[in-house]
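Structure, as structure tokens:
For reference, chains read A, B, C, D and E in written order, and residue numbers begin at 1 within each chain.
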């Protein structure tokens, strides 16, 4: 375990979620669950973030936004798709303006199920993301050498 | 203590102390919000992590400014702990802050820009009080040298209570704490995103963080100066000031820049200037050390070397 | 003083125990009615397909021939419609949540 | 030290000094007169460069002249020269009278008549037999002023050669080309300034004083536009009222004490006799150095071509004002008059610093900043302790260099970007990299540690706290404001929101020499600060106040040098050209249009990010500040005269 | 003339949901705010045409995750009136109770976000700490924290037994003390007041003309609350609208603070009069005809318009959400405010973009 996995800073973006997962992501930060115990800080700024928490399915308008945020995050970075909409489009899958899950735009590392995803599930997702983060950092170091 | 030695000690120990203070801050804040908060050493994790991250910038040269910000903050603190002139310490700190601000300007993003402007407003808000603090200390000790001030036999705070209060106010601004976290906030939800630090990532952000640690230790050192005559009291006061800053951080909404600016000036005028006025009025013998200007007749119009005539 | 209330609140919180749940370092607090995940009991299932028909997100698939009950956990909204409709009570709603995964796919029972 | 040859040695030294001084006064005046006869550019150029080289050489000679201190004996009879000057002065009065008459300007006419009447009465009456044994006098303050005038002023004249050419040939075709007159006035100004600093005979000093007033009037009105004429008239009226006070001071002083020499005035032991003339001279100094309530003339003077502004602000005109106030320092120190003068300076410093925040016109910001810094110098003069005077002289030196540089930079930028709006200077590091760097050097020189002005500010603060700590509150607030407007300007230069092509040719040779020269001087002034202080300023202060202790500790000087070294390392950081970083667009809420500073806004349209500095509207307003400042300063001046009553 | 133009959103930490504003500011004064929307539009109204009207209850519930229950309730009410079904009284009461619980959770959520918009992090934390208690009550009775999944056409899917009811009342007792403490900070703290008082004033006339609804309208002095229409159990439990007259952000905050206690009171009264009997009726057939259903969401009045032709698919499904009604008010108060007020003002109308864009 390096410092990397002890200080996961997250950024949250609502692709086109119903708010359910968003407020649960926020709830994770609050006294009930306090993910800051794990070192999580909600930065709200892609340039500081390590973990990209995306909720909701991708619609046509937010496609580019997600891409931009992802590009602006410094390596190593992990994408966590929170909720079933972010995974597959969920209940909105058949809507005309929904393009599908987040993985149709950027690579997703962890999928968190649930509608809405429970805070505990989101915490599990973040913990799982830490492992991915470590792995990516090692790969990065290896590529550099 | 040997000035070089204490400066060196500061340079080595300040990051550790500052980091731990930052950790205490986060833990204590969390407890005030009835949650456990991160581990005490969390700030070190953060900085170590940032150091290993990719360096994403908006403009290539923006990070140079940050490097100099860090260097100058370290230099400032070193000067302070070496016992140098307090005014020069303030000027050096100002120079450091200006590098930080210029870095944010350089990044040319609207959010870092507004952060930079607000940082400037904050500087304008606290600078008078900080300078007046130095002036007040000079009036009592007749020296701007930190070494002399620290060696002053009496408790400074007894003659400078107003200045001390004003300085605490400035401290709140310098620590970038609510209600004055205008330019960049520790808290996530801010209209400026991360304000002045928005465009700095990875190692540059780590440098900013470490610079803040250095700065905080230096500022608490200044609080100590007010009580330097009784060292344990000084340490206690510094600690209490730190706790007070955190408490205030947690019980105030962020002010608007107009309110912050006017408030800071009002405090400076009432507490800082009031104290200095009182000192000047009621203890005139203390600072009339210098005799009235030398009698005019002494001035010899024929020059400095009358012997040669 | 108008600031006292908040100072009180902050200080009182600082000296009392945090309300935070221990999760993930401790067990999760579970409420009995929580809709966490759908569980399937193979023994009693008739493979009648009613659940799949009822599912609003088409997360369920029943293969009568192969005697397979397939669920896509990343489509399931845990509404419990399938649990309510199941004639043999083969489906139950467990309170614990479904774990995240790095791959999405279906689970076949 | 009584060597047999000592006397002769001093004699020859004195002779050489005299020659240098006379040459310094006469060469620019002659060159100025010559300019009127050169119609073609090349000739003018050759004459100007020759004159400037001569002035520079003379300045060097003056700087290296041993012991430049003491009175200088004139070859000709001072009487004859006095008569010549009197006639010339009368000619000025007649000219101004005609101007006033033709413009139907009663106030102007009245001022001219009052002064002429006063002078005539004095010259025919009590002053008819005034004899000055030492009409010229050199001490280190005079040397410093002369060096500033010669080097900074000379640099500006050099710059003006190229600048005015572009001014008339491309930038301002509508303005009638009267360059011969322009350069004549420019050089005349230099000469007048030299005369002013070396004059000991107050009548002579007054003549040169009025000569600078005349030159500035003509230069400000150079473009002959309605605005220029109006502002020139304003400058004239204000400076004439100062001149009137000056003349009154001379008359009063002579009538009461029989003294007509500056040095003798300083030596008068009974202050009661000299306090009123000193107050009058301070008043004159305050008008000339554009302190409140007279700041408006200097702000109005911005209509003139930039070299004029630079000259007025950095080395001549306004510096004459503070020079006189500093000269008066020993007389007014510790008196109510001194306190009032100090307060006028302090109030001006604060008001001008805050007013500068509200403006976006680069020249106006510079003008306010000049007013503010002169306020600090006046404050020093008013306090009048050895320490304060030391700080004041330091301020004069550093301000002259840095402000000269800044004006010249703004001038160049104005020609290339056709705007002197600070907002238009965004991304200047990309468009005019050299000028941008020089401009930043100038700004750093104005307010940043470890550059000169900050050394001075340190000194001022210490001096003020030692003398009257209550006044320090003005300095701390003013400094904070100074910080704000300089940094936001500096920030504007470095930010690059919309990348732009560099300008083809930033400056022509003359301009470049002046720019680089002043840029170098800004650094040198800081690096050589210990030398300047110990060789020139400290001896002067010691000469006036008697020996003083160390004014700045050795330790602090070392700290400054280390800090300077750190700052000088900064450009080195740029050598790595930002390796090891990845550029990604700025944070625009995720709405970026790939790879640019544009974003997708209203209804999907592509929009540009724009950034404009803060001007603290709603908290500060220039008009409010200025009007309150004028009121306060007027009251303070009134109190000053009441206190000066014998 | 250069002024500062800032893109505010779609990703922005003070915006839990993506909207975008081009903010034209001078110093920090906002001269112009140009919105752009559509980041959460999914196309739910169209989906109704291809999705079984019974299953669509789940979709209606997910129009918005915050006011999910009342969306489901409104949808069910609309379908029930098309089918001429009367829900059993116990179901009507249970709907009322859950509706008010969801109002408490929504208002607490809003208070927290509001505190955060003012840079008052610890108040945010404390608001959400209390909110967790409400969520626990909700989860204990419905099984979900934010998506209740308890409303169905013809009644509700779950009952609250007497024991659970008693524990809810007990919990509410303790929570009320907490609510008092927190709302007191919102209403009395000087630093909060300095951020809210006089910011974003909407006069009564403006609020009416712009068609505001909910707390936004009531804070401008209009006593209008859809619960007065008497849907669900509100025929028995009368509701007096909470109003304020100042029309500024502080008034909107005060209205919501008081509504918290009003909701607690409604829940108590509902439990006191909770009738027995079944919680659902059997529903058969397909809806036909056209109907309008209105309820009071935490954010204000929501209007459902349904058209059906007797098939299992609706022909037309249309929602007028409260946020949609309140957006014009937001856009009218933004120009002239300070940049620091922008998050506060955005939040004072309690926007739910997900509802609005569907």
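One rule holds for everything that comes next: a contact is a pair of C-beta atoms (placed from the backbone, for glycine too) under 8 Å apart; a residue touches a chain by one contact, two chains touch by 3 or more.
Keep in mind it's a predicted model, so treat the numbers as computed, not measured.
Counting hops only between chains that touch, chain A reaches chain D in a minimum of 1. Chains that count as touching both chain D and chain E, per the definition above, are A, B. Chain centres defined as mean CA positions place B nearest to the mean of all protein CA atoms.
When every chain is reduced to the mean of its CA atoms, the largest separation from chain A belongs to D. Taking the CA centroid of chain C as reference, the farthest chain centroid is that of D.
Sorting all chain pairs by how many C-beta pairs they have in contact places B-D at the top.
Work out the mean CA point of chain B and of chain C, and you get 52 Å between them. Centroids built from CA atoms put chain D at 34 Å from chain B. For the pair chain A and chain E, the distance between C-alpha centroids works out to 27 Å.
With centres defined as mean CA coordinates, chain E is found 45 Å away from chain B. Shown for chain D are the residues that touch two or more other chains, namely 582, 584-585, 587-588, 590-591, 600, 609, 611, 614, 616, 618. In chain E, 4-7, 10-14, 28, 51, 58-59, 62, 122-126, 129, 132, 144, 147, 189, 191 are the positions where the chain touches two or more neighbouring chains simultaneously.
Touching two or more other chains at once are residues 3, 6, 10, 13, 18-20, 56-57, 77-79 of chain C. Listed by chain label, the pairs that touch are A-B, A-C, A-D, A-E, B-C, B-D, B-E, C-E, D-E.
Chain C meets chain E in the complex at residues 2-3, 5-6, 9-10, 13, 19, 31-35, 54, 56-57, 77-81, 84, 93. Interface residues of chain B facing chain A in the complex, by the touch rule stated above, are 26, 30, 33-39, 42, 44-46, 48-49, 52-56, 188-190, 193-194, 197-202, 205.
Against chain B, in their complex, chain E makes its touches with residues 4-7, 12-14, 28, 113, 115-126, 129, 189, 191-192, 194-195, 338-343. The touching residues of chain A, counted against chain D in their complex, run 13, 45-47, 64-66, 68-69, 71-72, 74.
Interface residues of chain B, counted against chain D in their complex, comprise 54-61, 63-64, 67-68, 71-72, 75, 79, 84-85, 87-88, 91-92, 94-95, 98, 101-102, 104-113, 116-117, 120-121, 123-125, 127-129, 131-132, 135, 138-139, 144, 193, 198-199, 258, 261-262, 265, 268-269, 273, 276-277, 279-280, 287, 289-290, 292-305, 307-309.
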